[in-house]
Amino acid sequence: MSQVEIRELRKSYGALEILHGVSLNIEEGKFVVLVGPSGCGKSTLLRMLAGLETVTSGDIFIGSDRVNDTQPKDRNIAMVFQSYALYPHMTVAENMSFSLRLKRESPAVIEREVKRAAEILGLTTLLPRYPRQLSGGQRQRVAMGRAIVRNPQVFLFDEPLSNLDAKLRVQMRAEIKQLHQRLETTTVYVTHDQIEAMTMADEIVVMRDGKIEQRGAPLELYDRPETVFVASFIGSPSMNLLRGIVVTKDGTFGVKVANGDVLPLDGDWSKFVGKSVTYGIRPEDISLGRDDLRVRVDVIEPTGPETQVLGTVGGDKVTVLLKARADYAPDATVGFAIDQTHVHVFDAESGRRLTSSSQKALAH
Amino acid sequence: MSLVAERAPYAGRSSVRQWWNNGNALPYLLLLPSAVVIGVVILIPFFEALQYSFTNSSLLEVGKFVGLDNYTKLLSSKDFWNAFRFSVIFALANVIGCYILGLGLALLMNMEMPFRGFFRVALLLPWIIPSVVSIVSWRWMVADHNAVFNQIIQLFGGRPIFFLSNNDWAQFIVVLIKIWRSFPFMMLSLLAALQGIDRSLYEAAALDGATKWKAFWHVTLPQIRDVSIVLCLLMTIWSVNDFDTPFLLTQGGPANSTENFVLLAYKYTFARNDLGTGAAISFVTLIILMVFIVIMLRRQREA
Amino acid sequence: MSLNSNTLAARWRLFAIMVVIVLVINFPIIVIVANSFQTTEQIMLNRSIIPQHFSFTNYEFLWGQTSFFRFLFNSVIVSGGSMICGVSAASMAGYALSRFKGPVLSIYSQALFVIQMFPIILALIPLFIVFRALELVNSPIPVIIIYTVVHLPFATWMAKAFFDTIPRELEEAAQVDGCSKFQAFLRIVLPLSGPGMAAVSIFSFLFSYNEFFVGSVFLRDESSMTVPIGMQMFMQQFATDWGSLMAAATLAVIPTFILFLMVQKYITYGAVAGGVKG
Amino acid sequence: MKSKMAVRRRTTLAFALLAATSVLGISGSASAETVKLQFWDMIWGQPEYIKAAQKIVQDFNKEHPEIQVEYRSIPWSNWYQTFVTAVSSGSAPDISTGAGYQAVQLYKMGAIRPLDGMIEKMKADGDLNDFAPGTVETLRFDNHYVSLPWGLDIRLWYYRPSLLKAAGVEPPKTWEEFRAAAKKLTADGKYGVVASGDTGGSHYVLSSMLNNGGGMFDADRKLTLSSNDRNVEALEWLSGIVADGSMHPASPGYSADDRRATFFRGEAAFSLDSPNIYKQAGAVSDDIAVLPPMQGPHGDTGTIFWVNNIMMYKQTKNPEAAETFVRWWSQNELPLWTEGHTGQIPARQSFLKDAVAGDDRYKYIVDNYIPIGKTTATAYKGIFPALSEVEGEGVLQTLTQQIFQGVPVKDALPQAESRIQEILNK
């Protein structure tokens, strides 16, 4: 059963529409990550879920209730903010117990709940402190503690890790995931960082310009992006995208790109011959061997286990991720092999994924 | 489809109640107390006074409607233009004087020094003491040829100046006292603005080879520009509407040289018992101020 | 210009400069205080700034022979009252202006500017009639109300400027935690507004404590007069008694001075005129 | 919230009670039937005046338990605003004292209840004969007695005998001698004459015009400020003193108190002031002498004087009680002189003996100056409302300041004339 259901949700400020009719079901216990570049409407969507923004049109259901006009306090949700939003004039314990005190829970219940949450998050020794006496990571934990204490139906996270340094972010990422595994509360998590999305989510919802671009399990999105946007957004380093035209020769198909190379395609593309497409190949699916793709090298970036080669093909930038060590002189032209089974083809005009006749048959 | 999908939207609920329950009324409720007192203390009297300005009312009775008579009489009266002239001089000199003094001291106060907190309060004293008190003491210091000021002047070999007897000196001293009374506010506000400037801007400027003077000119001033404009506008309003300084020091004299609009309105209303003209003067003041402020704000926005 | 690069010597040099500036600027006040410890004859006789004799005669006179301490008490009532009213009204309105948008709010905010320009002399007669009808002349209530309104625009801007510095997310968190919007204001925003409210309070108090014109119309009875009005009457009755006048002036300054010393670290908040743009 | 309000109200009440008891010196237990009257008295003297007046009121209250009068002293600054706002808002007192023309002006506004009945009674029992001749009639306006005289105020010249002696100057008898003496006395930071720029200063102008047989109005109440040559001549005389450098240069900016202090300090030899002023002079009191009335160039004498009075307001709810008080006050106000040392000259001749007792200068003024006193209305018999505005509005002060600044009479006078005309036209 869906814990959260959003139907045809729209949000506009005056004439400016931010969300263009978004529909989304979130099943109970799932960890859903809304991801997208800034301004895509993901935060607005989350805030509407929380009741912090009014609904222009459409419906939001949480549990069995339509909550469009319900106050945040009556939605049975908890939210963790980007800035943590800890009340500076309250101690950690007071911060965490605030919602329970508002509900006039008995002191015994409050103490029990706060203790439980503090233990889960390792905050027990920090309870008498004030937020200003805490480090960034500790504050982050208190913010989560405040959410946990309430036993809400839904957790909402609004970019909770973006104020932390890189190392702490990785650590907290794992902690949040662990927490979710332990509590199994439905969670909606907003981030602009696709790695966070990939590592934490049960399901990722990629948003762009106030619409859902694609949703699915992390690896599903990685393996089969439906649009150029998703293809470029998910994965790091991001997918190489080369413009070209579908050509055929001797019954095999390929895409002819700017520098004249014809990049190999698998399967039957006869329907698309002559069409302008975007040829997508992830950096890790390019290797040494055949000369499928001749790249003019700009920079070599060795990281130890891998070597990243940054270069250009025609006018397009290309990244190659080699599992081996390599050393090329700048401006040298190097040939690489493409793993044809991992090629993505998109309509150059609409940006949507194109499928060869054979692949289609395979999929069904 | 899930269970919830079957539920129909809550069409029956009244939208007004909904609006109320959502806390949308809150901003209006928050404004209510101040709106009510403003309504009682300003709006009602405002329209009443507007009505007076078109009549020949006295303090005791509402007079006949005389159209624009009060206004036309005013604009052709010497006293009005005399008050206009002094109001402009007073406001202009006060704003400029306060700004220069206030900014200078704010810059000094923005530097590290021992006992900074004490200086901050000490420099606010002229602002925090009642006008009646400070003006009495100023009067005592300047009124006479052997008063403190003149003692000092004579100490340096000057001839005593009769500050309150000469038109120009009287204007000077009224402006000086007004600056003295109001610069601390300017200083305080500018100090807050200065403290709000990002220090890295100065570091960047220093790396770019800017001298202190250039850093002041190209970093400090632009950063406090908006605050400065607002402060100067406020100061203008407060100067034009200042009653205490000229009234308590000179009563507008000598020979009306320190009579501003408020004093003139006061004189008409309370001494000549001519409420109509008194009200008309106040409205002319209000209109002049509004036109000035609107022009300044528009220019600020364009710039 | 790095502000901390001053050497120790430079700081003390600056200190010396500031001492001179403070002395020059506060010269009139120093004169008042110094002369309050001399009898009138001594003041008139030697007319020097530094007292040659030291006596408490003037203060004894004020204590025993005049209503000065009643004025002081009235002033505290009036200023305290209008401070409480002003801070309450201004904080609510300032919060509304800081957090909400809409045509009503923008009209209100513009109206504040006009009120700021409004010459209060215009309103005095109609107001006097109203408050007379309510039998409130010589009572602190009308004065408190009028003072509240007169300083309301600026107090509101100050409050708004301060609320603008408090992150909205705090209230949103409170709302999610179970507060209504108003509760969030009361329980989260207001407790955090101490410094800002302190600044607004000082401003309100100062304005009311020092105001002369409105008070002189409404407070006629010697038993209801505030310090400035009483001082003015004092100047009539004891016109040539400079000693008592200076002593009264000194005493009049003390309450605000103490108040300022107490809250001096907050006063710069009051000057966040950046928020005054309306 | 509610309880707070109640507390506030109770404190206000407590205030009022406290104030009432402290001012009246009576217990708050006055019964419900007692009539309460508000009496506003101007401050007619030094602090001891207020004490004397309060004591008289206390005596009245003791003598009349059914009438309780509340005394309040009104400062001179903004007195006009005080009364007019009070009248316009319905919070006027029952009785007040007032300077020269306040009664007629307020009468014209409809605020005054004439004392006709009371004065008829006083006439009948002969009490009215006690008043200085003409003073009661002066306050008759529109066929009503708008108020009852209590004190006469007058301006006269004082000089410092020691200064004159040191300079070898005889007290001047004519304007010409005065100007010459003033010039001779001006040296070493001392000046012949000191004046002020306030209302007290404008009395220099009024007094000298009347001294010269001039005046602001003719018998038909027409303004003759600049058309009467005697006025111009008088102003030219003052102007000449300024031109000679004999006038203290601080004069235009001085208040009456500054002027007095300067005169007492011996920095000027002549000053125009009210009777009794030497009593404030402390140690130098004996070195202040009254200058005998001077003759103008045409042989005239004269100076400005006012009949100050006590009046009843229309808003009073108890006219009988108010009349009782006015009459009682009028008959029992002698301590204002004997204890309060007011500078006024009693309107009742029976008070004169006690008032002037042991004070030769005071007696001299009563004998020699009162007879030559004239009102601002001058040639017009009686007084009229606009006089109050003419004197109080600031036109004359401006004229005075200009004259003392050395602005030529021909430049200053027309402006003053047109401003006064504007007031009269209204």
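The letters A, B, C and D name the chains in turn, as written, and every chain counts its residues from 1.
As a convention for this text, a contact is a pair of C-beta atoms (placed from the backbone, for glycine too) under 8 Å apart; a residue touches a chain by one contact, two chains touch by 3 or more.
Predicted model, so just to flag it, every value in this text is computed and none were measured.
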item	value
Pair of chains joined by more contacts [C-beta pairs], B-C or B-D	B-C
Separation of mean Cα positions, chain D and chain B [Å, integer]	38
Inter-chain centre distance, chain B versus chain C - centres from mean C-alpha coordinates, in Å	15
Intercentroid distance (Cα basis), chain C paired with chain A, Å	55
Chain centre separation (chain A, chain D; CA means) in Å	91
For chain C, residues contacting two or more additional chains	124-125, 180, 232, 235
Multi-partner residues of chain D (each touching 2 or more other chains)	78, 81, 85, 88, 255
Residues of chain A whose C-beta touches two or more other chains	71
Chain pairs that touch, as defined at the top of this document	A-B, A-C, B-C, B-D, C-D
For the chain C and chain A complex, residues of the former touching the latter	167, 169-170, 172-180, 183, 188, 191-192
Residues on chain A engaged by chain B in the complex (per definition of touch)	1-2, 5, 25, 54, 59, 61, 63-66, 69, 71
Of all residues in chain B, those that touch chain A in their complex	2-5, 7, 9-10, 13, 18, 21-23
Chain C-facing residues of chain B, complex	23, 26-31, 33-35, 37-38, 40-42, 44-46, 48-49, 59, 105, 108, 110-115, 117, 119-134, 136-138, 140-141, 146-148, 151, 180, 185, 188-193, 195-196, 199, 202-203, 205-206, 212, 215-216, 226-227, 230-231, 234, 237, 241, 243-244, 247-248, 261-262, 265-266, 269, 275, 278-279, 282-283, 285-286, 289-290, 293
Complex contacts: residues of chain B adjacent to chain D	56, 58-61, 78-79, 143-145, 162-167, 170, 250-256, 267, 270-274
